[in-house]
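See structure below.
Letters are used for the chains, namely A, B, C, D, E, F, G and H, taken in the order the chains are written, and counting of residues starts over at 1 for each.
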Amino acid sequence: MSNENPKVLVLMGSKSDWDIMQHADQTLARFDIPHVCRALSAHRTPAQVIELVSKAEENGAEVIIAAAGGAAHLAGVVAAHTILPVLGVPMNSVLNGLDSLLSTVQMPGGIPVGTLAIGKAGAVNAALLAAAILARKDTDLQQKLRDFRKEQQDTVIENSVLP
Amino acid sequence: MSNENPKVLVLMGSKSDWDIMQHADQTLARFDIPHVCRALSAHRTPAQVIELVSKAEENGAEVIIAAAGGAAHLAGVVAAHTILPVLGVPMNSVLNGLDSLLSTVQMPGGIPVGTLAIGKAGAVNAALLAAAILARKDTDLQQKLRDFRKEQQDTVIENSVLP
Amino acid sequence: MSNENPKVLVLMGSKSDWDIMQHADQTLARFDIPHVCRALSAHRTPAQVIELVSKAEENGAEVIIAAAGGAAHLAGVVAAHTILPVLGVPMNSVLNGLDSLLSTVQMPGGIPVGTLAIGKAGAVNAALLAAAILARKDTDLQQKLRDFRKEQQDTVIENSVLP
Amino acid sequence: MSNENPKVLVLMGSKSDWDIMQHADQTLARFDIPHVCRALSAHRTPAQVIELVSKAEENGAEVIIAAAGGAAHLAGVVAAHTILPVLGVPMNSVLNGLDSLLSTVQMPGGIPVGTLAIGKAGAVNAALLAAAILARKDTDLQQKLRDFRKEQQDTVIENSVLP
Amino acid sequence: MSNENPKVLVLMGSKSDWDIMQHADQTLARFDIPHVCRALSAHRTPAQVIELVSKAEENGAEVIIAAAGGAAHLAGVVAAHTILPVLGVPMNSVLNGLDSLLSTVQMPGGIPVGTLAIGKAGAVNAALLAAAILARKDTDLQQKLRDFRKEQQDTVIENSVLP
Amino acid sequence: MSNENPKVLVLMGSKSDWDIMQHADQTLARFDIPHVCRALSAHRTPAQVIELVSKAEENGAEVIIAAAGGAAHLAGVVAAHTILPVLGVPMNSVLNGLDSLLSTVQMPGGIPVGTLAIGKAGAVNAALLAAAILARKDTDLQQKLRDFRKEQQDTVIENSVLP
Amino acid sequence: MSNENPKVLVLMGSKSDWDIMQHADQTLARFDIPHVCRALSAHRTPAQVIELVSKAEENGAEVIIAAAGGAAHLAGVVAAHTILPVLGVPMNSVLNGLDSLLSTVQMPGGIPVGTLAIGKAGAVNAALLAAAILARKDTDLQQKLRDFRKEQQDTVIENSVLP
Amino acid sequence: MSNENPKVLVLMGSKSDWDIMQHADQTLARFDIPHVCRALSAHRTPAQVIELVSKAEENGAEVIIAAAGGAAHLAGVVAAHTILPVLGVPMNSVLNGLDSLLSTVQMPGGIPVGTLAIGKAGAVNAALLAAAILARKDTDLQQKLRDFRKEQQDTVIENSVLP
């Protein structure tokens, strides 16, 4: 889902991250949160990243999600240029995402990035954490989050008996 | 700083984490954000953790910071019991905090924890990210964050010439 | 195998863990140990986990096996709510189970989890260690364990000549 | 504490492990569990380890705790020679105990070792897990474990307010 | 190749290691070194391992190669029972052989295991190092090793031009 | 040593890196290579980093050395803004510099950073590699590098006899 | 592409590295940089490596790229025998290239190797860094590098809109 | 101890390794094995290393021990230039010796290095493994090794009772 005044900007370092990051897109859509998804590289297109982040902030975005792999600088670069909450998603890599995770999470004091799990779980959870942040001023969204938790719980319980 | 209707609940798994987590406390205080700090263990006092989290949410808390080391389950346990944004801070450990980091960040899809860096940088940044979240409905706080960034930048520039 | 008064409760964090954890089920069945298997998440269904553990203890369970992957909190959450011996099995993951292992084994002093190997070997061995614990008051089971060891040894010897 | 018919045998690979393993000794003593502590090496004194394990089993020991560092084979060697529950404690090392942990926990299917945390927390928890196992046929010990949990919980609560 | 008075005993912890360890077998055969290959487990068949090692030493074996994976204790157990040179080969595993490597190489002072690379390269090199050891009293074998090096070098040179 | 038209710009992410990076400074000085040292953060002062890099390139700098720790993005940010050769030095950290190393070296195809060792050895070698690059159009510097190698070799040889 | 007076020598430790290292070859060709590719092993053909490096230097080579996996000594051996800039590319391995990376990058002070990322990204970037070094005395090449960056940026931007 | 016709050559990459490698020296001396110790760098003095190795082989050396840290190439370089058995000892490092271990042990098929533990245990064991190799044609030394094992065992037994 995409929107002219997106609340959430979903950035990823490479088009090949879409396979994973579409789960963030779908999760945001599920909560009807206006958002846009863009693939831009912190290293190949730094100026475009900075410009996009600034514009998003001006246009009313409230959270930025940034996903990257390897020497994953995207979330850090974004965080350096905004006071919005920035959420990082480490992509899988030749080192199983350990490099992506450390490059995203080990930020120095002063510029925070809230980092989620490596890969798909992180993509889903970044969207959920964005929703939780937006819900601070949106009681409808709070209710949707509670419903989601309840539904999720019910699904687990229904499938809990084994074998 | 502490307050009867805290906006941020700062939890840590052990009293010995205070040495590091006081930096979260000080950073929140610097932004005049009402908050409380508590040391409770996800393993030794699970009922108390759950109760504290529920009460905090009822009393108007908007963000929860949870710090723990080793098999660091505190942030995950907290996140399982609230729809508030939960921020995790991995404490240093016998394995240099790698176990704490992985136990905090590798949450399954459905229950997000936004994880910050291991140790002091993570403590400071959890507070800053909490401030960024609260600032979404507090334009004064937005300005304070911008001022903080500017100040931080100026300090770096002043000290940039070496040797 | 399942039973109304199970001696062993086999919990796993996700239905997808069954592929591995059926080896615990089969090993317990081999020793005719009454047990039940359930898939419940420490994060998505914490209340159900706690309730199941309490009931199991009341109904005469003597050992609990808990398997989970990633930020694997299940065994720790279970151990926090029972004085029964708790055995943890780390599931494979995007990080080859290293995160699951550290999240399961690095418990703080006070709440023990006896952790087995990552994956299938751990599933089998959790069942065997449960049997060894139950055998402390069941001399038949002791004999069965000795027979199992003998049989296992014989199989190895029979196949020892190479190529 | 030591006793002619110990219920728990506490083995460690080197006398230098005593510094850590005395916490297992103290924890067992706290629960009045008869036990003996011995330092024997799986590599330098394999025959003595095997003999001690056999004798312990004959003399009524019910649990064996084995602590070692580096290529930590002690728990595995012990487990290969007994059907008693064997609990492993990885000692710290030049690699921060990661080698000790993997050498202890990654046992092949067929010979289980229930592994606790690296270092002091593991020493304490091995004793607690031994107590939990013994408590399966000792309701007094069950009560003592419940009291211990309660006491532990109260201590945490008493110290929970910060700063 | 196999022989009644083998100079090298090639042990592996499981029949499934043969896929890799046949490369040690082939390399020894290439140098016409009498040897036997056996699959025996340090954990499931400790007595048989010890007996085989003692007999091999009595019957004139001069080097023992021991390959195992996971908590790879085989080489250490062998080394504890012989003064012959013992060479360890870490097998691949769920953790890519890192556990096997650390369990094999991190032996305490007093009981040495000369460890080779993880997997096939280690299997080949264990055989080559065994040959180098035997060559200390066999000048023919020294010449064969020199020829092997020369041949190996020539093969590389022949194929060195790319693309 | 510093100079108005520096050939090498030595950047570090924090003033606290000077302790290590002074070894780069001293090594460059030893070869009489005009250079400047600056402490600027990729995260706290991104605009200043970019400006400094652009000016350095305009003023004739030929190599840039960038040192940082943790989520070490400095070298990558620099490399994204220049076609000059960029050399990265990972600083030690809470994870022994493993995070700094991976964040510096694992750059995506398209934007290269030549990475040196963690800590002091990396600081010295970044300066030496910068010298090797400058020497491509400075035969005097080539001779100095040959002399340095000779001297280094002589020092090792003089001290080679032990004990 | 190959040339009698190559500016860049591309070495790899094994013919099997060509699959990855052809990306260095193609990248150098794209910039019309005369170069040769050779597969020679630091361990199996050390004399040939040293000779090739010396000849390359004599014949006007200005940069050497060396790629190897496992105990990856090739770049270090090359660097020990030349004052030319040496760039190392760690190949993937049984340990995901972590061994290759550490063996290449952790050089002692005195003999620098500029190390690129593990695998294909490293192969491409070694060629780009070689181009950046050669461009120091070739303004045409500087322009080509700027064009490449521009092109690369444009490709990213064209593909940036998702889904 | 040193000798004109040493049986064992003990090489180390830096004089600073002597602190650890003196334990190899002392262990060899204890068995009256003629040996020499030299500090030479594979990177700073490659020609001297190769010359020393060749001479040692000509003069009757039978085993070479090589110790180095970081990108530890010394043992591999030595092994590339001799058919003698080569034993590697990884020195501690900024990464706790993990880099040294992987750089030493992960040799490609064709050029074996028998690797011992990181640090002091490895230094002692390299000497013991050298003794075990030499003992293949020296029955006196075989007896000395048996006596050493017996003595070592007795020392452990004497100190085995705790506390």
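Convention: contacts are C-beta pairs under 8 Å (C-beta built on N, C-alpha and C of every residue); 3 or more make two chains touch, one makes a residue touch a chain.
Remember, it's a predicted structure, so these values are computed and weren't measured experimentally.
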item: Between the pairs F-H and E-H, the one where more C-beta pairs touch; value: E-H
item: Between subunit G and subunit C, distance of the C-alpha-averaged centres to the nearest whole Å; value: 50
item: Cα-centroid distance, subunit C relative to subunit E, in whole angstrom; value: 35
item: Subunit A-subunit H separation of Cα centroids, rounded to whole Å; value: 52
item: Set of subunit F residues in contact with two or more other chains; value: 41, 44, 70-71, 95-96, 98, 105-108, 110-111, 113, 117-118, 121, 149, 152
item: Pairs of chains in contact (touch as defined earlier), listed by label; value: A-B, A-C, A-F, A-G, B-C, B-D, B-F, C-D, C-E, D-E, D-H, E-G, E-H, F-G, F-H, G-H
item: Subunit E - residues contacting subunit G, complex; value: 92, 96-98, 117-119, 121, 149, 152-153, 156-157, 159-163
item: Subunit F - residues contacting subunit A, complex; value: 13-14, 41-44, 46, 50, 69-73, 76-77, 79-81, 93, 95, 98-99, 102-108, 110-111, 113
item: Complex contact set, residues of subunit E against subunit H; value: 23, 62, 83-85, 87, 101, 105-118, 120-121, 124-126, 128-129, 132-137, 142, 145-146, 149, 152
item: Of all residues in subunit D, those that touch subunit H in their complex; value: 12, 15, 18, 21-22, 25, 37-41, 44-45, 48, 70-71, 94-96
